[in-house]
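Both complexes shown next keep chain A, but they swap its partner, so chain B is in the first and chain C is in the second.
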Partner chain A sequence: MQKPVSAWRATLLSLIILTCFLGTWELALQGAGQGGGAAIDPEYAALLGQAAASGGQTPMPKPSEIGRRLFQLLSDPFYIRGPNDQGIGIQVAYSLGRVLLGFGMAALIAIPLGFVIGMSPLLNAALNPFIQVLRPVSPLAWMPLALFTIQDSSISAVFVIFICSIWPMLLNTAFGVSAVRREWLNVARTLEAGTWRTAFRVILPAAAPTILTGMRISIGIAWLVIVAAEMLVGGTGIGYWVWNQWNNLSIADICIAILMIGLVGLALDRLLGLLARAVAWQE
Partner chain B sequence: MSKPYVSVEGISRKFPGLTVFDNVWFGVNRGEFVCLVGHSGCGKTTILNILAGLDAPSGGVVLADGREISGPSLERAVIFQGHALMPWLTAEQNVAFALGCKHKGWDAGRLRDVARSALEKVGLGAARAKKPSELSGGMKQRVGIARAFAVEPKMMLMDEPFSALDALTRGALQEEVSRLVTEAGQTAFMITHDVDEAILLSDRILLMTNGPMARVAEVVINTLPKPRVRATLHHQPGYHELRDHIMDFLITRSRSLAGVAPRDYDPRHPPEVSPAG
Partner chain C sequence: MARIFTTDYDPCGCGRNHADMACDMPTDGTGAMGQVVEEAVLRAVFPQAATRRAMLNTFGGATLLAAIGDILPLVDAREAFAQTPAAPEKRDLKIGFIAITCATPIIMADPMGFYRRQGLNVEVLRTAGWAVIRDRAIAREFDAAHMLAPMPLAMSLGVGVASPQPWSVAAIENINGQAITLANKHRDKRDPKDWRGFRFAVPFDFSMHNYLLRAYVAQAGLDPDRDIQIRAVPPPEMVANLRADNIDGFLGPDPFNQRAVFDGVGFIHLLTRELWDGHPCCAFAVPAAMPREMPNTFAALMKAIVEATAYSNNPANRREVAAAISGPNYLNQPQTVVEQVLTGTFANGLGQVQRVPERVGFEPFPYHSMAIWILTQMRRWGQLQREVDYAAVASQVFLALDAGRAMRDLGLTVPANPMRNETILGRSFDPAQPDAYLNSFAIKR
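Right after this comes the complex of A and B.
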């Protein structure tokens, strides 16, 4: 048995680790990126512009530079200057919108369908082979098919989110519903509760924690997949932004995007965690 | 003799190659408390589930009020062995859920008030807002009892309702049930292992032989005067004869009588005995 740790001590240690990491990074890059480009032909440099002028290699940014850039981006996150130059807040909002749309549609289908599958052993057995085959397919493998049939890149991205978030919710709902304790169902039967009352007042609350676990897994996967999907379809979104900044060789922006993706993913997970706590019950 | 409220007519439970019980007949009259005593594996719980409508016999029928039981009904409430409370609802909401199933038109306020008074009847007025996980085993079973009585069933079915409780709690709850049954003139059928419980509560005790091929070997008439109180029950004349008779049955005769019934055994009228005189 581990002893409980006080929160402030853990926080302090976290801060120390962060400081060490950023400090090492900063110091390691001190003095680098200068004087490396002696052999570059000036005409070639003039042709290629800034990147080549600084020595053929974009220097890895220091944390202090990333911090300055982060402040710059966050001080005006929602600007729109043409299709290829929009604030980071806008990009995150696009990605969030797609994730919530795809995830929401998946939930609307997976939860009722999972309910039916969980209640009916026949349907469970009949649909299980399809689910087992489709579930391990990488969501990005659906992308060409989606682009071909839907013919709209943005909706295709939403579809990919939909298809990747449906399976954990479907399987967890079906499992949660089928695992509802026999005695609660017997109570409902002896009280002549009826199908709908039993479904909504007994089975749903009994299975809610399992369903929420499925939703939590789904939203995590959806947030992972949206970055890759947006890199493919382009246009808008944080994934596209990462790819765009890679093409611009703005390494600092890529680091910032990684940080933003992590923070938004954390927030999504925490949100569903709160919801899960609200429906949790203890025997 | 008037027709019994519940009439069990020749029910059996058979699996391929195994007959748990066969051709079981008995009746439960209105206002009567009948206990079924027997060892594990004789199909006691199956019989109770058949009475509740949760299970169907392989053969034979059960009539309630002259009509065949084909499924569960609000007229026959069950107090389950485990309390079977819904853990996401408070004690009051658990009772209110049952009330809402019976009285579809009641609003939330009325359900709450009636559930509250049902809990007060079992001494749980103060714990009404607690979830089952915050209640002790005895309190949980009290909520289960309150829930079953709240729907005012015509018959109460109890499946070893106190077997999971410690002796002190069990005694208190037995008196509670005894009081509630007497107050309501409740028809009741109970399965138990506990001989004293059967003597305290029942008017008749059905003794079942061990399975397979279990049968009601004997019907013991409990002639001890009512109301019975646990504190003085064992001083009543006839108590020890009654208790010894049932104990003898459970320890030896349930085994020696098991298997094929003797030739003079009439399954419709198992021998009746009154050991207490």
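Right after this comes the complex of A and C.
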């Protein structure tokens, strides 16, 4: 076993790594985008971006520029100025709403279905090929099909979340249920517990940690998928916001979106982590 | 006067068949609307029905009206009444657009109040790409949409969609206003003959950009399917792809040509007006049933769009329009980039400032000849695999009559004939001889 490290030392090291990373980034871009400085007609230069005016290309933004932009965005995250221009807080809220809806529906279907599949080896074998084929399909591949059949872009986005996040939950539930120890089921039978009683009092608690692990994987996938789905469908959400800032070639905003997506994803994962700890058991 | 009381289904009294197009209602005060006014005036002057009937019997309607007309400006009243639009059947409309300068009239009509003035409450929604616009339009999430001019033709013919979706071009948005942008490293390859192996991006398969680029390289002797690569890339991603060296150039909409120059990643090889001066690009598209189902909404929308188009076309308004549409709610671009596109005073990426005020124009009239050329190109490149009646499709999808009426209402000059000879890539195109034109090409599918 490794020796436990003290929390503050780990934090300190994290901070040092972060500072080094940002510092190198900032320094590397010092003077970037400057061209040969060839003399250009001032009228011409006025029509170009700062970097292009001196003969170069618009460079990657520096961390300090990103920081300023982040402050600007976070100081007013909930504004609405027309349907195409809304604050970053509102965009994240839209995305979270879609994810929770799609993920919730997936859970409602995957967990009971997984239960049935886990309890019946026949069904398990019969459905397995379908699950294995559909599981690795990318959200982007589902989107045109969803748009075509559902004919509503916001429902399509939710459907794509649903279809992509259902598989880990389904497989984990089925696995957890089928892996419940024989002895426990036998004990339940000798105590003459009915099917429902066995399911809820023995199998569910036994499989709960595995199910929660599946849910944790699923919410991660759902959050990954929402960005891609919203980039395609457009309208609202953090994914659309990324697309929109790409439209404007604003790399600083995209860096900020990456940070936001990461932080929200972390929060979602931690939330399910807490739930998982609540149902964990040890022999 | 008897016609007002006829019961035949002929909503505007023009006596024409309303199969697909809205009625060409006279707006000079004659026709059914004018008669309604005369009836109302008579009622006002002689409020008692018995007296009125007696007077009419004695003198006859025409004499009476002439007598009243001496005192009342009846002609003006009739005209005013004919031009007072009835209330729109649907006020809250959603219109999808792609964030490019082609959409200028559709977009600027929102912040500059052109929709509101017609009593419409329009929400203009930025959309991620042409395929999404098409699918959301088909699903009727949008009441009307900004489309590439060939899209309603393709959709109506059932090309590139699962089943035919009758959509119409109610007005052309812009003419010209596109460009071929090449990566900076190709500064010396200005002759398309040197472009073998190049990878190009166009916004969509069914776009003027695709057809113009194909025609241009084919004229230089390259086969656009074998000697170069053409990919459909959403306009906003073109500059990013050019920068990443994923493509060698693009024939794309502005502001992205200018944006490539602004960011120092490419230069403008040529403006598309050098290929075909006055070519259509984007269209204001509506479901084909709209003029029939919601005639008043359609009329109000047409007025707003045509007025916005005329306003955008005026060089004196271009800076103001650029300021109104470059913000984050619309194009989301630096204002100077949009301004360079609209004013035509722009940096070309090669160190010169060019002054081309005709770089982009906004003219709403959907010439049928434009549609016929597009159809010949769909045939030429194998998108449309069957024979079609070019002129019939063109007149069904391109609503020249309706656009002309809205233009006349606003006092604009309406072209007398929706067919005109075009000069495209230095060759004359006669819309009456589409097959001869198509057969004259060596490179085709």
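To be clear about the criterion, the second predicted complex is superposed on the first by the 256 of 283 C-alpha atoms of A that agree within 3 Å, B and C clash if a C-alpha of one lies under 4 Å from a C-alpha of the other, contacts with A are read in each partner's own complex, and residues count from 1 in each chain.
Here is the rule we go by: contacts are C-beta pairs under 8 Å (C-beta built on N, C-alpha and C of every residue); 3 or more make two chains touch, one makes a residue touch a chain.
Computed from a prediction, not measured in an experiment: that's the story for all the values here.
Student: Give one of first, second, both or neither to describe whether A:M231 is in contact with chain B, with chain C, with both, or with none.
Tutor: Second partner only, chain C.
Student: Kindly classify A:Q282 by the partners it touches after superposition: chain B alone (first), chain C alone (second), both, or neither?
Tutor: A:Q282 contacts chain B only, not chain C.
Student: What is the contact status of A:R189 with respect to chain B (first) and chain C (second): first, second, both, or neither?
Tutor: first
Student: Given the touch rule stated above, what does A:G104 touch, chain B (first), chain C (second), both, or neither?
Tutor: A:G104 contacts neither chain B nor chain C.
Student: Output check: A:R197 vs chain B and chain C. Expected answer is one of first, second, both, neither. What do you get?
Tutor: Only chain B; A:R197 stays clear of chain C.
Student: One more residue to check, A:P205. First (chain B), second (chain C), both or neither?
Tutor: So A:P205 only meets chain B here.
Student: Note which residues of chain A are touching chain B in the complex, please.
Tutor: 183-184, 186-194, 197, 201-202, 205-206, 208, 279, 281-283
Student: List the residues on chain A that touch chain C in their complex, please.
Tutor: For this pair, the touching residues of chain A are 35, 40-41, 43-44, 46-49, 51-52, 55-58, 81-85, 144, 147-148, 151-153, 231-235, 240, 243-244, 246-249.
Student: Could you list, by residue number, the parts of chain C that touch chain A in their complex?
Tutor: Spelled out, the residues of chain C in touch with chain A are 99, 123-129, 131-132, 135-136, 138-139, 141, 162, 236-237, 239-240, 243, 259, 261-265, 327-330, 332-334, 336, 340, 345-347, 351-353.
Student: For a test of understanding, state which residues of chain B touch chain A in their complex under the given definition.
Tutor: The contact residues of chain B facing chain A are 52-54, 71-74, 76-78, 80, 82, 84, 86-89, 97-98, 101-102, 131-133, 151.
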